[in-house]
Amino acid sequence: MEKEVFDMAGILKEQLDNPFINSLGLEVLEASVWHSKGRIPFKEDLLNPFGSMHGGVLYSLADIVSGIAAQMSGSICVTLSGSLSFLRPAIDTEYIYCEAKALRDGEHTLVYNVEISDDKGTLLDSGSFTFFKTGRAIS
Amino acid sequence: MEKEVFDMAGILKEQLDNPFINSLGLEVLEASVWHSKGRIPFKEDLLNPFGSMHGGVLYSLADIVSGIAAQMSGSICVTLSGSLSFLRPAIDTEYIYCEAKALRDGEHTLVYNVEISDDKGTLLDSGSFTFFKTGRAIS
Amino acid sequence: MEKEVFDMAGILKEQLDNPFINSLGLEVLEASVWHSKGRIPFKEDLLNPFGSMHGGVLYSLADIVSGIAAQMSGSICVTLSGSLSFLRPAIDTEYIYCEAKALRDGEHTLVYNVEISDDKGTLLDSGSFTFFKTGRAIS
Amino acid sequence: MEKEVFDMAGILKEQLDNPFINSLGLEVLEASVWHSKGRIPFKEDLLNPFGSMHGGVLYSLADIVSGIAAQMSGSICVTLSGSLSFLRPAIDTEYIYCEAKALRDGEHTLVYNVEISDDKGTLLDSGSFTFFKTGRAIS
């Protein structure tokens, strides 16, 4: 079902070649301003002390996946704010998936709904991220 | 000004000896239900592609520091939700500090205001985290 | 398309017969724990100084509609927190609609996604509300 | 302790002479970009079915008080998003107070921390509001 459709040669790829993002093992599965999707493997060094994926890792995933969508606008975008509700623990899955859908692509701001789910498609976390378009072109 | 007052022998210390938390280089500076403080070093492998501390790292810091306070209630606490507003980029500092202050310590929930700042005390990020007290004792 | 399916004799009806809720002109169109829907008329005395529906009115609508769903759990529920992103101004419509969908119906908490839209179905606002189940039965 | 320092002749006063705002009985006590304060009377027609101030009323108060501060920037500002945590019920008080403090006054956005309290100064609600500066002058 999943395929790697992301291949904006160079630009975003370079952005994503970043030590922190690499430490999460992120794979981008889809990327456009209106919809993006990514996943990270469920791995030991990303867990919280209770054995489920750390909330900070899940938030990072959501910020990065929605941020990729935002950069697809062509403008460098910065996160203004982001919130996440933790609905169910992220356990017992091979990957953790995140989808971001744009609710508004405005002149200056972009608002995304984000949903995080496991291999079975169970919704684990839900939130919202807002970006500001700096107007400077990505290059 | 800062000192390590955190020494609840074993319990929380063990929780914090976690690969993800260790990867952030977290130091706990104060810890009580009503007020906790921690810091992480500004280091290359925690930056975003623009050269400032990654938003996901800042959120992780806030989640962990407020979570430590929550666990000090004696009950295992889980994060219900957390939001963060990114006010200024975290750059040009040796450490990133986070303080969590309880706004309410209820029978079932704990609400914290979190503030992230740099070496000079400039406010970088502000947010709110809500925890649910499971009622199971920490052990 | 819309019909009044809400008729839990008495109980919630009585709750909704409240001066503030009446001042909004709320009509409940659907009500269950997992999904509720309501609408208010676009009327002059609910506008902000710029001529669109006041943000506080829209938030009230979202709080009430998701709160009705929460009460359908049979437990008296109180709002822990709620956030709303204002995407587009609410203008030029006869009614303002709000739908709440439960993302989680837990033992102690309920989390809803809320969406506010106009007559044409254009998404105007999006947010999230979290309720605590007090465990006291509604009566 | 409280005094009416708000007297930007005409402009904001006119904005505040609005049916919805009037229905809340709002009084502005302080108003500047960095800090604003207002109050509303605790009155029957603003209560929820449980006898405390309705969450939608409290949010409206927070939106208006922080919005007044935002307009003091001289630019027409629109609310991008706002969240509120309900900590304690608003009961048994003559007035409900709201203070908004700017966390950032940026070129394009303004972020406020808001706190709602009762006559005794007990913190009832806490939240955050973000505004976008349209750049159009208030007139």
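First chain written, first letter: the chains are A, B, C and D, and each begins at residue 1.
Convention: contacts are C-beta pairs under 8 Å (C-beta built on N, C-alpha and C of every residue); 3 or more make two chains touch, one makes a residue touch a chain.
Since we're looking at a predicted model, the values are computed, not measured.
Student: Could you tell me which of A-C, B-C or C-D has an interface matching A-B, in the sense that over half of the contact pairs are shared by residue number?
Tutor: C-D
Student: Comparing B-D against A-D, which pair counts more contacting C-beta pairs?
Tutor: B-D is joined by more C-beta pairs in contact.
Student: What is the distance in Å between the mean C-alpha positions of chain C and chain D?
Tutor: 22
Student: Nearest whole angstrom, what separates the Cα centre of chain B from the Cα centre of chain D?
Tutor: 29
Student: Would you mind pulling out the distance in Å between where the CA atoms of chain A average out and where those of chain D do?
Tutor: 34
Student: Indicate the residues of chain A shared as contacts by at least two other chains.
Tutor: In chain A, residues 80-81, 83, 85, 128, 130 touch at least two other chains, as defined above.
Student: For chain A, which residues are in contact with chain D within the complex?
Tutor: Going through chain A, the ones touching chain D are 80-81, 83, 108-109, 128, 130, 132.
Student: Of all residues in chain B, which touch chain A in the complex?
Tutor: On the chain B side, the touching residues are 14-16, 18-21, 23, 44-50, 54-57, 59-61, 63-64, 76, 78-86, 89.
Student: Okay, in this complex, where on chain A does chain C touch?
Tutor: Touching chain C: residues 83, 85, 87-88, 103-104, 111, 113, 123, 126-128, 130 of chain A.
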